[in-house]
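Look for chain A in each of the two complexes below; its partner is chain B in the first and chain C in the second.
What follows is the complex of A and B.
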């Protein structure tokens, strides 16, 4: 980051402009590779290098892989809807999507945060190891599939097969969950306020102890839903009966 | 009865006892084992059944109609470039033999280090596996291919950026359509941490990727990986051989720079025996279909825009390497053979193999972590039996032998580069191999299935 410095940007020649203190990048005129390169801190021909100023991305128009692979503290706002894998593999950056997100938003996130103001498609937060993903609307099927430490808070409901093989982290759902929630779940903790259509293999409801109420309150606050009563949620997790293969469980596989 | 010796087949036949070809001794044992345990057999390794293979092909050396090259004097190059179609930094390897993906977890950290050492000394690449990248492996590997698997265990964008290429794994030859399995006894603290799982539990790896389904999604996934790595790295797609013609076509359409096709003889650390033996097609049958797909798309050995084909599954000798290249592969990958080169199934551990119910040359219980050679184990003491420096040296030796053997054959066929070998240099010994490989039955001009 030392090599990067804030320079006066000539918006006429570089096709980018600063808005207030934020840097504005327009996907209508900037190729995706150039945009992501700038966000990665690379030098991109025709563009002034990006320092640590906030970034606003205009005209995403459903593009895939917008702001994927960020690896430094940056504030990025995407002004519209995005396609697949927005903010994929995010590290340390804070990304806000002012619209809906396609498949695999924040997939394999390591740290930082991603906020989707609208709805998210399938596999939101898939395999993510850390950070916070907030979907203010609904999330479709497979939300939190194979999650490995991420925290996910969904303002609305989630689709079927969510938290499939979820290994670690917390998933909070303010609405309802679809069928087969937490199938083959490992050590992730799920909190659902509404109804659960059905639980997957080896997923069971569990007691809300003081530490869970406290953890849930912290997550709700971080996601901006601090008015919710944690006691109105139910906790789900692994019964741990499939941790070692046993022939008597064959019908569960 | 004071002494009992195993009766020979002849003795049994003389007594009128005739074995069943259908219910042979191994089959009877399998049924008895299933009845006793109620669980299917899980093992490592690849298919043990005989299938048409490279052994069923022969080279036509040069004589009157073709000039051979002088052995030891005239150059026969072996270098290959993989992934030059899109990547800023393609892999430039000195030899066309690479090391296949094998996980840390399935193998010890020391074994992974040795694979890196041997491959680097020979100028080729090694590959991570389902369990993430270890510092030992990255440190010792000049060219390291990072596997991107359905489980995403240990998947980390920092490691992705450290890799020299990315291999998206859809399947492997031992179990096309199957996920992975690592039994609890191999999940020690370090393996558990890298996979974000509790220590000591059976660990299942998913068979489908969690965030994409089908070739259209794969196109977008490949594009994402290119974005994250700023287009620097070649992207491979690995498939288990089942429908290679269609799978290779779809992989190329999705944007793969390199396609890896793994035949059914390819090994695994742990899968159901029924899967290993009954799903997938032989390597020999897969190559011509994969090559035809590349040819029809105009990307087979087509220069700067070519998509390379890497073939694995049952490669043992330089002759196998040469035959795979002659059929159209750009490189091969070895897994089982590399482990043997490191010291797997070494007779020096015979007593220990016997003690766990196996024998040197038969050991395939890579899943259970008691490998006497110290390679496929996480046991802290067994691991120490294996010396990564010595293992690396043995692997480098073996890779050199494979390369020199392939060069010997290529020179005899008059080729100044091993990849100049072509199907016209081959004939088949059996009708089956002729049909699969698409080369004539030896002594005839007959290629079954291609008319007269």
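What follows is the complex of A and C.
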């Protein structure tokens, strides 16, 4: 029987609107390292220190590593498309990306939340241990690869090899999933509303019990999709036949 | 790693800005590979004027300088004598671009063969980087920004351009290892990734009589596509066959005078992004290469799916 997570999600921390006192930082004029230094609470020459006021980042123009490595309760809104590893390793901060995200958004997130208003490229939420990642559009290949406790909610569809070797956490997909979903999955739980192109090795569909419906409803609400009917989703998880090497399974690896 | 950029203009009002836009895209991708770079430009009035055929070449394929080491004026005289009719040569940094008037009766096909033969006969050490009615292919070793300046890329005009910034993995850092590989008339191919079974495909192509300029894996892909196009396939069919024949990692951009196509392998770990507006179609390894394009804020932006061929025709 699946051990349900006891973690709760604070829906109020997701997608919080910034108030009038937000601090604007412009990547067209501020180097990325200075910007990230300010977000990390460090002193940066030529800039007033950043307290805990909300931050709006202008002109990201696809830059890599925007708002990566944050470790304090900060509300950050990025006004545009970002490149690789945006909000990577996030702890406690709530980051909203008002555009598309490149490879590895919120990779290795520990806590807090990251919301992508557009689409995300491959490896969204890779290896993340905690927090909530919401991709309102589609996420490409390898979404949630090796996820270790993060919750991921995707408004659209996900690409191939998603949740590969997923160890813990929940992945919710309101659209369809690509080939080889959940290949070699451990104890993560996957909820998909649409079709699954194919399941990976040792990933199977499972019964939606009351606790799963409840868990899914909580996740959908946290991501702003509370109108979805949890019963319209299918749960997928590990068949647990590949945990330990058995010679009869050799062809399945 | 390597970076790819491509721009296919739909609005002729943008043709005069092709070089400027392509330079911005190429230089933004220099972080992905800064050992060498190359570009292909379709329709530049200096390099490949309308009504002419053009052959691009690096006189000394082993050179790593930003200049060709050969005077364009002298090269023009040498090639005029070899061809027996007037040839003009434009200096584009490490690469020279020779062009001669195409005879109206042959539609250029035999003229480009003759001009190419004149280049090869006059410069036996040269690497022919591209040939055809419309394309100039410029390559060199060095930093992409320095090369763009040396090529005079910013002043280029035309309807289509592709570029590549290289981080060498599969063959030497020389002009011969640079992309784009332009091995058929007006064709060109750039690649991010690596082909793992290129040696056996190279052997098969060599057995059919195909000659190679380098030990590079991408050249095998380009020669394969050229071989299929020569056999009468269209670009989409040739790429479908490439998908089932080649092993490895790749995002490819394949172009000729009329078309522009993108394809990724089944695993699709090499990045690619496409943006489209009414005025242009652009492709790059990363979105940041596209931020300088006019109207990009309103573009339709998407990531190409694995094993699907995306093609646009003029």
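As a convention for this text, the second predicted complex is superposed on the first by the 234 of 253 C-alpha atoms of A that agree within 3 Å, B and C clash if a C-alpha of one lies under 4 Å from a C-alpha of the other, contacts with A are read in each partner's own complex, and residues count from 1 in each chain.
One rule holds in what follows: a contact is a pair of C-beta atoms (placed from the backbone, for glycine too) under 8 Å apart; a residue touches a chain by one contact, two chains touch by 3 or more.
Please read all numbers here as calculations on a predicted model, not as lab measurements.
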| item | value |
| --- | --- |
| First (chain B), second (chain C), both or neither touched by A:81 | second |
| Superposed model, chain A: greater residue contact from chain B or chain C | B |
| Partner chain(s) touched by A:62 [first = chain B, second = chain C, both, neither] | second |
| First, second, both or neither for A:165, with chain B first and chain C second | first |
| Touched partner set for A:103, first chain B, second chain C, both or neither | both |
| Which of chain B and chain C A:206 touches, first, second, both or neither | neither |
| Which superposed partner A:72 touches (first chain B, second chain C, both, neither) | neither |
| Contacts of A:92 with chain B and chain C, given as first, second, both or neither | neither |
| Partner chain in contact with A:117 - chain B first, chain C second, else both or neither | neither |
| Chain A residues contacted in one complex by chain B, in the other by chain C | 83-84, 103, 122 |
| Touch list for chain C against partner chain A, complex | 267-269, 271, 273, 286-291, 301-303, 305-306 |
| Footprint of chain C on chain A - complex, ascending | 61-63, 81, 83-84, 100, 102-103, 119, 121-122, 140-141, 159-161 |
| In the complex, chain B residues that touch chain A | 37-39, 151-152, 155-158, 160, 183-184, 195-198, 201-202, 204, 206, 210-212, 217, 220-221, 223-224, 226-231 |
| Interfacial residue positions of chain A with respect to chain B in the complex | 32-33, 36-37, 40, 42, 64-65, 68-69, 71, 83-85, 88-89, 91, 103-104, 107-108, 110, 122-123, 126-127, 129, 142, 145-146, 148-149, 164-165, 167-168, 184, 186-187, 243-245, 247 |
